[in-house]
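Paired with subunit B in one complex and with subunit C in the other, subunit A is shared by the two complexes that follow.
Then we have the complex of A and B:
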């Protein structure tokens, strides 16, 4: 383990070509990282290199390029697995978090759940960790239950006894909320769910870009992530699952790559993880995601976390001190990662976002695919500034000045 | 540059309609009504029309959302009063043309768009054009006798 490193924001910013690209004639302040993060040179080059020198289909050809592509693809799996503390054969490539959750819903959920079984969700979930379970519930007769949030938008652990029952088969919970930045107490949640005999699926989309993840140490049963939110390409992500579960689960999609032998009436499946990877995969995406993991490892996730923590805390303090601004989510910075979501008394989030955009500041306004969070907060939409390790205190200052400008227009 | 566009977008008249909306009421009696929702942002406008002898005797709206969607609803309900259906639809066309052609000369003071002229600056912000169009979309639905597509209830 390297000693705790410090992060040099100027140095890491230079690694991201788009950050030096003026937007509308102004320096870009990119604070929409929770929607999708920017890409370092390393990732762009890895994808470029793959297509120039290594591309063919994987696991098929006997020829040299087929061998190179397969090697690059499986090597990428090993590096991404190492980054999250997993074994390579527990890492299933998906298009992203959404597909990873749908895979568990479609393969495990449809197969294992029956009428009367319960799936425990939380009102903090992204729609991608709600809708797949609604579909499963409709098909199996399982029932959805929800763990609610308190008035600081943290999960109400005091409700666990009530919503976690002997019928609960799965707890599906986000590690970090994309709409609020709330970091959930996974250890306690996983322990309680396991004690009740339920499996645990963790939506890690918003955690992996901000903190070191070790899926084995965490002890969940499924962990889902998206490459594009962790500085890798779009269209690639990971479902990690315990090996026994992957072995027990039926396939998700059928097709090439995922079979061993195909006969007229039936087939046998390839070993895990290939059993879940039908069709020609996103090879370049996998290669690019591995490059992102290598890059993050070099910078050090400990350094990323420590640095970001200060920037996010600063943003939270500045915005919550402003008159007429309401910030959502936990007050204790220890329970917050990456996000500061707010509303203003006079200005609608879309108007905030338009004014900020005119000053080169990219934030997101809307419901953030978390309508149950909006319902809890009693708003239709919020403005959300979401951070990565390349954001700086100076950018927070520009954000705050721009919010002041919104106030001047609308007050 | 961007700053002048912002000033053009958030003119005083627009902010005035946003803060003090005209015709914002749920009418006890109306001839037709329709709701429109912008699913991207949750903005919603319901337009109600009282039609007498083929003309819009009264137009009112309810709803919530950003300054542009709400100011546009306020202005639209003022401007369509007294028009027949064909005239109101032509007004919608005229407004839409202004929204989708940035850089046109500003409509003169005599232009039938009235206060809606102040929304011309929205045309420079293509992502906001649907906000400005929301009330007119609801108007079109109401005149066509369809109820529109309201936001689904929260529960």
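Then we have the complex of A and C:
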């Protein structure tokens, strides 16, 4: 293995034009990366170049631009596949993680689940890994069960024997919690689910920006991710699935591009992955996402992970040492990625984010589309600082100073 | 609270921290919100924090409101908003322009888009109640 590269924060910051954009007359401190990450010059240029020189519809025109667009689109698929250790045929383009999960729920779930079957979720999930399964459960008669969290907001593996049954058909679990930053022990979860005869879907939206992912090594059955959280454009994402599953699954949406032959009463389907890609896709988004993957590969995900780990650990230590501040999620920094969520005794999370905003600091306040996490923590909302590899210790210092100002104002 | 005096004092404050502190003080002066009204049915939709509001019709024909929020700055905004409508009949409420006042306070640029929406949702709710009472 090559030695871990080191990351130069000043150099990577220069790659992101928006990071030097003043907000309200102050330097921006962008700590809302879990909601959406900023875009490097490389991605912006790739999208620009695509529209200037390569655009036509894909897989259709017998003309030069049609060939260029198709080549750019399929080449993007191969590069994104390589980034996550997948084969290109296993990579289905979606609008993002939400659509990827809905695709599995709508195609595999509706087709495969029967009354009494069980879908195992966790109370740590983002709503987009809960609601699609509630919809499927209502249509198929399947039952939802939940793996709970402990008092450090980590999944209770000791409960697995109880909640994994011979009726469990799927475990749908997040790799990294968007609300807490908890990194889940996927190897143990996947092994237990497979031993019980269940498939495993992993919501990777919050993991891919922070660590190297190899879907084959991970051994899950489905892996969903969003481009915009990993420095690519919005409106593009990926569903990775084992090839046999993609081949067995019926189509999700019907339309152009996904068919082989259409007759009056029925049609036959295109091969995977195109069977799941009805309609004109987000070609520029795919091209931009591939550019993001290339960029991350050059920086090195090992360097990203090592650098970020220190910044997040520093933020966790500073905030948790403050009086009247409660930080959620695992205390061991090894089990945390990208997020430090907290509440304060005096100020509501929305008060916190309002004051921080007036100092140019962007965080998110709310339930973070994870109301079961809020319920577990016994709060209506939290303030969430979420990090990317372009954030620095100096920005953490500004965050901490601002939180101190909040204490002064609300005391 | 007299809204014009509030606006004058608010604008005299230089730093946003002082302005927020002033807003929070205003919020603390709101009359207590009845516990039994703190229910989901009284939540104002579209607010990022929780805002409860109920109409409080007075014997003299004016329409008051009781409101509360779990966020202090929002509660301060509620206090300012309610002070604008205080002592007005439903018809007068419907004739009042509050958006101008809040633009004058330059609050827009320092409140997130969602907060602004939440603020407009509160105002809409007040106007809905006023319309309903006026139609009775």
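In this text, the second predicted complex is superposed on the first by the 409 of 411 C-alpha atoms of A that agree within 3 Å, B and C clash if a C-alpha of one lies under 4 Å from a C-alpha of the other, contacts with A are read in each partner's own complex, and residues count from 1 in each chain.
Going forward, contacts are C-beta pairs under 8 Å (C-beta built on N, C-alpha and C of every residue); 3 or more make two chains touch, one makes a residue touch a chain.
Given the structure is predicted, the values throughout are model-derived calculations rather than measurements.
Three-chain overlay on subunit A, with subunit B and subunit C in a clash. Legend: residue contacts after superposition of the two complexes on their common chain; A:375 is shown touching subunit B, with no touch to subunit C. When both complexes are overlaid on chain A, the residue A:356 reaches neither subunit B nor subunit C. With both structures placed on the common chain, the touch criterion links A:26 to subunit B but leaves subunit C unconnected. Look at A:410: by the touch rule set out above, it reaches both subunit B and subunit C. In the superposed pair of complexes, A:348 makes contact with subunit B and with subunit C alike. Of the two partner chains, neither subunit B nor subunit C is touched by A:189.
Subunit A residues 24, 347-351, 354-355, 358, 365-366, 380-381, 409-410 lie at the interface with subunit B in one structure and with subunit C in the other. Note for the complex: subunit A touches subunit B at residues 24-26, 347-351, 354-355, 358-360, 365-367, 371, 374-375, 380-381, 409-410. If you check the complex, the residues on subunit B that touch subunit A are 1-3, 5-6, 9-10, 15, 40-43, 64-68, 125, 127-128, 131, 154. Within the complex, the subunit C residues that touch subunit A are 16-17, 20-21, 24, 48-50, 69-74, 109-112, 115. Taken together, the subunit A residues at the contact with subunit C in this complex read 24, 347-351, 353-355, 357-358, 365-366, 380-381, 405, 408-410.
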